[in-house]
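If you scroll down you'll find the structure; I have some questions about it.
Note that the chains take the letters A, B and C in the order they are written out, and that residue 1 is the start of every chain.
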Amino acid sequence: MTETAVAPAMTLKPTTNKVSIVMFSGTADKFIPLGVLTQAAAAMGMECDVFVTGFALLGFTKVPHDLPFPAEFAGMAPALMQGMAASHVAPWDTMLRQAKAMGAKVHACSMMSEVMGLKLEDFGDLVDDVVGAATFVASAAGGETFFI
Amino acid sequence: MTETAVAPAMTLKPTTNKVSIVMFSGTADKFIPLGVLTQAAAAMGMECDVFVTGFALLGFTKVPHDLPFPAEFAGMAPALMQGMAASHVAPWDTMLRQAKAMGAKVHACSMMSEVMGLKLEDFGDLVDDVVGAATFVASAAGGETFFI
Amino acid sequence: MTETAVAPAMTLKPTTNKVSIVMFSGTADKFIPLGVLTQAAAAMGMECDVFVTGFALLGFTKVPHDLPFPAEFAGMAPALMQGMAASHVAPWDTMLRQAKAMGAKVHACSMMSEVMGLKLEDFGDLVDDVVGAATFVASAAGGETFFI
């Protein structure tokens, strides 16, 4: 366990103008709401932090991984992808890139990165840094929080 | 991408008396906590907003879809449904209807509705309107937020 | 439906120094972020409440259940567990026990416990009590909230 406390609770700076997302699930469908929520929040001038951990780290590596659709809905995946193309919905990483251009930050979980043998240089340009969970939890106080 | 910013962050009206839920997962089990959390929040006089997106939209159409149980727990589904009947637990849509009678609102995601070819008239009476993610994110500020 | 309102919304005591987690998913991978988030929050002196419901209750019984890995990533489970051992990451229940030693509380959902035929004495020592969802929702106001 490499986590250490980074800040006493009293130093938290509460804000209601922030969206903080733990991105854990690694199935392809879950990356769509990640893109949508970060893009929407950043476009409104809200702070936006994403903490990537678990299997979702595989969506952020330089060497691309083929992210699976959830087993229960795999049969609907082709129609869904076709519908997204027809509606001109940007891919999740384009939306997240737009969010980052407006100030959103993406952090890879230090513990799970180590467990999966990933270093900062193994991640693509979407990842800003590698941090511990405590840093994320402290920073998320007062804002909207989601676990995807 | 049809999302547009709807409000600058400075117009957010923070409240701690609100529960805002993104309902994304489309497996049958996840609809139970949706019903329970909305009913509990509304019964306590809290504001309650549900933003339905992704495969979960299939649970709100007029033409009913057979929602799958998660693959890992499909074998336990019959016992679970039997236990819910024996404990006289109301179905999720009954609980959500009770929450709506007390003021809860259900919004379908405009982007994913378009992707899946669904219009407001395709949804059952549980859905109040079709809105963008930015509207939901702005409205959720200051309250409890969950991604199911 | 055995839920009843426990408190009017006006009695909520908002705090930004709190993390409240609904633990619903029963796959083995999701217990890792439960341990990490609770341990991180408690170590920073934040209040921490976990509301266990759904299939996740199976992770807290005295009689142990073999929790499945998510179907999509089952093939990666052995490498992940090996990586966690190599990185000396504590098991999720050890992390949660550390969080509890620092003040975190774990509540089993009364409704789903009844549905699954589980009483307080059926749970291991990690579970503090059996409560209704309304109690959890009221208590979570003002803090960070996650649905795992």
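Going forward, contacts are C-beta pairs under 8 Å (C-beta built on N, C-alpha and C of every residue); 3 or more make two chains touch, one makes a residue touch a chain.
Quick caveat: nothing in here was measured; it's all calculated off a predicted structure.
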Same or different, please, for the chain A to chain B contact, judged on whether over half of the interface numbers appear on both copies.
different
Angle, in degrees to the nearest 5, of the Cα rotation that carries chain B onto chain C:
120
Geometric centre distance via CA averages, chain B-chain A, whole Å:
22
Within chain B, the set of residues that touch 2 or more other chains is 70-71, 143, 145-147
The residues of chain C that touch chain B in their complex are 1-10, 12, 14, 20, 22, 24, 26-27, 53-55, 68-71, 109, 111-112, 114-117, 132-134, 136-138, 140-142, 145-147
Touching chain B in the complex, chain A uses residues 16-17, 19, 29-30, 32-33, 36-37, 39-41, 43-46, 70-73, 76, 80, 83-84, 86-90, 95, 143-148
